[in-house]
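Listed below are the structures to be examined.
Two complexes come next, and they have one chain in common, chain A, joined by chain B in the first and chain C in the second.
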Partner chain A sequence: MLCVKSPDLIGMKTTNNDLKEGKHMKNKDKPLTRTRASRSSIKKNKTIYLMLLPGICFLLVTSIYPIVWILRFMFYNYTSFGEFEFIGLQNFVKLAKDEIFFESLINTVIYASGKLVLTMPIAFLLAYFLNMKIKGRNIFRSVFFMPTVISVSIMSMVFYLIFNPYNGSANQLLLNWGIIEAPINWFSREKAMLTILFVAIWGAVGNYMIYFLSGLQTIPQEIYESADLDGAIGWRRLWYITLPMMSPIIQVVVMLAITQAFKDYETILVMTAGGPNGKTNVLYLYIYKLMFPMGDAAGSVVLQYGYGSAVAFVTAIFVGLITIFYLQWSKKMQETY
Partner chain B sequence: MKKEMGKVLALILVVAFLVIGCTPADVKKEETANSGQDTQQQDDQQQDKTGEEKTKIIVWTFQRHDMDYVAEVVDNYNATNTDNIEIEIEFMTDNFDNNLDLAFQSKQAPDVFRVKAQTVTPYVKKNMAMPLDEFLTDAEIERYGDMVGVDRLNAVDGKIYTLPYTGSPFRLIYNKGVFAKAGLDPEQPPKTMDEMVEMANTITEKLSKEGIYGIAANMKNPFSALFRSVDVVAHRSNAFPYNPDTEEYDFTKYGEVASQFAKMYAAGSYFPGAEGLDIDPMRAQFAQGNIGMYLSADWEIGVYDGQFPTEEEWVAVPAPSMVLGETYPTPMQSAGLGWAMSSQTKYPEEAWKVLSIFQDKDYQIDYSEKGYGIMITPEVAQAAKPAEKYGAEFFVPTQDDKVFSPPPHDAGLVIEGESYWDVFSEVIMGGKDVDEAVEEMNEKYNSALKAAKEKGEF
Partner chain C sequence: MQFKIKKTIGHGVLYTILIAFSIITLYPVVYAILGSFKTNMELMTGGGILPSVFQFKNYLYVWEKANFAKYTMNSVFICFFSTIGALIISSITAYCIERYDFFGKKVIYALYLSTMFIALGAVTLRPLYLLAVQANMHNTLWPIIIIQIGSQGVNIFLITKFIKSIPKELDEAAMIDGCGPFKIYYAILVPLLKPILAVVALFQFRLSWNDYIVPSVFTMTQPDLRPLTVGVVQLKWGTGAASEWHLMMTGAAISIIPILIIYFVANKHFMAGLTDGGVKG
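Coming up: the complex of A and B.
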């Protein structure tokens, strides 16, 4: 770049910034500033922005507006449509003493942990084996992915019937095979959460298997060939090559799985409605019940939009903190060898 | 040129999306089972054939089971009335409460609406209901006896807001065939809880191998399970936790009643999977003869007539009590609550005339005899024959089926955390000690009531 001072700047001290902004140059030769660059980009891509506008409007109305609504009404007592009263932080004071909230929190942690600990290894192993050149692998991939495309409510209702302690097919099969001598009560206080976890894992494995499969397919074959030459076969290949190469992808998939596990409630709603006695009540189901009471209250339907908003906000913060903690803890996984 | 075409196309798409997104939903004006938020403006009037303007009265109800009958009555009225009134009725089965709130907020409320809650209090608090006193004559009030003017039920601060309509008496429903199979006398159902426990256990002991159990409850929803069972027996035994005389809660005797149900659960006499059982799957199993007995109300008539037709010989008798020979009145579900007039109606005289159609003696007798519900107005209850549907005769109100003022927890008292139904369902399923539950609930409910009284709410 020819560094010729502009007549305006002659006699003034010229800084590096001035040089970058081209203050020493004539206007028509001046490089674009950031603002000018943005404006030029918007003008250039006007069509694209216009095409995006309906989607943005939709997002504002269906996502941003509800979030703003929640952030507002968590400071209100809102128990009847259209009538609300500002109460400051009272909803949060109530939450701090809410036994149901804390029980739901514990249940959520148990559920999420159980789901993650089992789903991730199973999904990864399935992806690993289905990435190999075996006969019928596409059929297997389709079969394992099938639960992902089934409606959660329908799947949950079917499993509710399968696990029906009275005449469900699960007990019938186990009795016929002589594995049990008496029907198992799959929805008892001790077993309800395990039953829910089984259904949740069954429904989730296929989805994460696909993510892992996509990741496995990005590992260059040359690396495996070199490993073969060096004698790294079998589990050594998996442990020393595949897993490290996959670590950034695993980090992201696990993060997605964490947030999803904390948000799950549909299966629980259909199968146990959070029972028996709150043993399977999770945070998002509790929020759902506060926003859409299911006839638990006698008398008039008692909506609790205000308190429900406060619980939703605290839950979101909790899930966010868990996610941030996980990302910090798993930073090293972003390094690819 | 291509750029310009792209811009035009983008603009067209944006406008198209905005138009689609902003177009209001179609307004449904006919009778429909879906919720609707569209009512015509009150000052819309229709012309009849002679050119005179008719006053349109909008009516909303949440009940669907009597839709055909009520629609027919409305059509007949519209065709023949000389009051110059046209009724437009909406059968809003989904989100009735929300839609009603929204309608009042947007000043598009119906003129007459069905009271859905267990008390008229919330409608009065939200200024939705209009007092009916100025329209009621002494004779009309007298025909309802002690069922009208019940504080916090159909009256607030001495003003009447709704009139008695239907009521659902609770009963013990049992299968005679199952009783006989288990060696029990089918003509001798249990009269006390001790007998009920013994009979339930006997049925289970003898017939569980055939898949038949003594008792069932839809414990998936603790409120739904207990309000129709433990609460009913508690009322029958003078053990209900709220004492209107002392205005205090005491769950001690209620805990004793719950303990009896807990005995049956511990003995394995509850239908398997009660923890996750919904009411309809439970009814389906009873219809198949797999359950000995359970407690519920007159809804079961329609259930076993249409929803789960059964060949089983089922009967319904008064619920047992804790002590033989000592029985007390039991409140009927939804009794004392019928139709209300909107505070926003521009045509109160006409709205009252429409409301009176549903309170008419002949209408109520016909409604009752056709099996749509049990009308509790004394003169109607005496005059109406039991409906032709099987089982209707079991639910004819007796002297023990009463209309009560709802207890505070049914009349808007806010209870934080678990309700007593949640806690005592845990007692029944063996998850909590009954004494601990009694102490906890006494503390919780009395504290809540005290706080509410200090605020002037009760």
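Coming up: the complex of A and C.
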């Protein structure tokens, strides 16, 4: 411990202590070198903290401050009138009786599971196909990935026009081809969620396809060659070789997809704003509506900041728990197989 | 022989699936871009996917009358500063975390990690809006830029991984030559970081250009500050929405085309960035 190797603060403190004792030391060279080392390490640390400062400011302002704010105001009655008072756990009592909350919870689960169940296999199959040596695979990859670079809100608006029941091109095309006889109301109580899911999957498949593709590329080619010799081709190869080898990557991708699917609400906000009759109201959209006015309704509704914070807190815990359950479950699955 | 026939049939099925998916993927984008050249009547009554006469005046109209020149300028302004800010903050933070030991490093690291996984949704925008009002910044574009830069957690991890692959001897040699940490950062590391910084810039540009919820919340009472996404989607809520389909399409096209051009020039970077940072990380 005589020489300071790492320029960290803890190391610095020990050198300072050593220095005081160093007066009684017979060897005078060592304290001298240590002074130099500690001086330069103080200077270095100052520079490093200065360099870290902007990042930490952004972290504090944009991430930590809102969390602290929510943790405080979820115990308050705080509306857009401006005054607030401490009400203890009353927001949570209110939440336990809130029908819209539970309806949104069910919608969120329907939306997220629907999105996952459809997006994951489609993305995986496309990745599997595009990992084969086929002509034009780079073009297909670029095409399938393209929706992920375009604004979700803009595309949701375009889809809103495409699925318009009266003048939208979806109905016009289907009518022209004779697939349907009467225009379909894509935003009816039964179909609105399916329409939303279609748009959500349209935007998400390319992203997960690329994740799967990068995983598939890590599987060594020799394994496939020996599988060919054993006669494992086509679907059997996919089922017995590719899927088991990909399972750790699938696990991570599905986890990312779960957290994302529960967070989504931009498409719904633009397309249906939760309607009709709250049939597409998901939790994060509900939170948004508690905190901000919709469309041009600015100022005409009373917003519930305190209650919204409580809902957001419970929702975040809910999503966190689902992620943890999934991780535990997938770990168990991996151990059994 | 039999095997060969089976293979061609297999390929036929494969290509049918791929082409069908491509059409579904491309259709709405092509529809929006071609729709921007149609009259409102044409859009409403259907007909071919190609406009009968290309209506370039749609662009002229939205540019001059519907405030889209302003919206585009706002979008460009936000994107520029948000990308620059993200590049500086993520690279400098990643450098400090990866190359130095300092007091509180673990805490900072844990904070970055945890903020990446906490999903509170729009609720976080309310305190930030109130903060912006207090700082008297709510009638500028800066709060939007600051929030879009955010904590940069993902980008920091992406760059940290990249710095790990750069030999530490380079910094040490520079240190012996008398370079301080900051000089090592900008004179030695930044030039080497160019490939990963390109990826970060692309991602941040995409995020910023496409962001809707943050700017829509912050410009609710200030139409003049709206970026393209908000300006276009706002047409949907307007009273004349039914007669403005062609304008909505034109707005959508103005927003889509620049990012598509960037995508077709740099699509390898987009995909590489995802695969490097996402799954393996």
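Keep in mind that, in the parts below, the second predicted complex is superposed on the first by the 269 of 337 C-alpha atoms of A that agree within 3 Å, B and C clash if a C-alpha of one lies under 4 Å from a C-alpha of the other, contacts with A are read in each partner's own complex, and residues count from 1 in each chain.
Going forward, a contact is a pair of C-beta atoms (placed from the backbone, for glycine too) under 8 Å apart; a residue touches a chain by one contact, two chains touch by 3 or more.
Keep in mind the model is a prediction, meaning the values are calculated, not measured.
When the shared chain is aligned, chain C comes close enough to touch A:T315, but chain B does not.
In the superposed pair of complexes, A:M291 makes contact with chain C only, with no contact to chain B. Contacts of A:F144 after superposition on the shared chain: chain C is touched, whereas chain B is not.
Contacts of A:L59 after superposition: chain C is touched, whereas chain B is not reached. In the superposition on chain A, contact of A:G178 is made with neither chain B nor chain C. Once the two complexes are overlaid on the shared chain, A:Y160 sits against chain B and chain C alike.
Within the superposed three-chain model, A:W202 lies in touch with chain C and out of touch with chain B [touch as defined at top].
In the overlay built on the shared chain, the residue A:S188 is in contact with chain B alone; chain C does not reach it.
Chain A is touched at more residues by one of its partners, and among chain B and chain C that partner is C.
Once the two complexes are overlaid on the shared chain, A:E83 sits against chain B while remaining clear of chain C. Shared contact residues of chain A with chain B and chain C: 47, 51, 54, 58, 160, 167, 295-296, 298.
Across the complex, chain C is touched by residues 6-10, 43-45, 47-49, 51-52, 54-56, 58-59, 61-67, 69-70, 126, 129-130, 132, 134, 140-147, 149-162, 167, 169, 172, 176, 202, 206-207, 210-211, 213-215, 234, 249, 252-253, 256, 259, 262-263, 265-266, 269-270, 283-284, 287-288, 291-293, 295-296, 298, 305, 308-309, 311-313, 315-316, 319-320, 323 of chain A. Residues 10-11, 14-15, 17-18, 21-22, 24-26, 28-29, 31-32, 43-46, 88-90, 92-93, 95-96, 100-103, 108, 111-112, 115, 117-128, 131, 146-147, 149-152, 156, 180-182, 185, 206, 209-213, 217, 220-221, 229, 232-233, 236-238, 245, 248-249, 251-252, 255-256, 259-260, 262-264, 267, 270-271, 274-275, 278-280 of chain C are the ones that touch chain A when the two sit in their complex. The touching residues of chain B, counted against chain A in their complex, run 3, 6-7, 10-11, 13-14, 17-18, 21, 97-98, 101-102, 104-105, 116-119, 121-122, 126, 211, 219-224, 227, 271-273, 275-276, 285, 290, 406, 409-412, 414, 416-419, 421-422, 425-426, 429, 431.
Residues 46-47, 50-51, 53-54, 57-58, 80-83, 94, 97-100, 160, 164-167, 183, 185-189, 192, 271-273, 275-278, 294-302 of chain A touch chain B in their complex.
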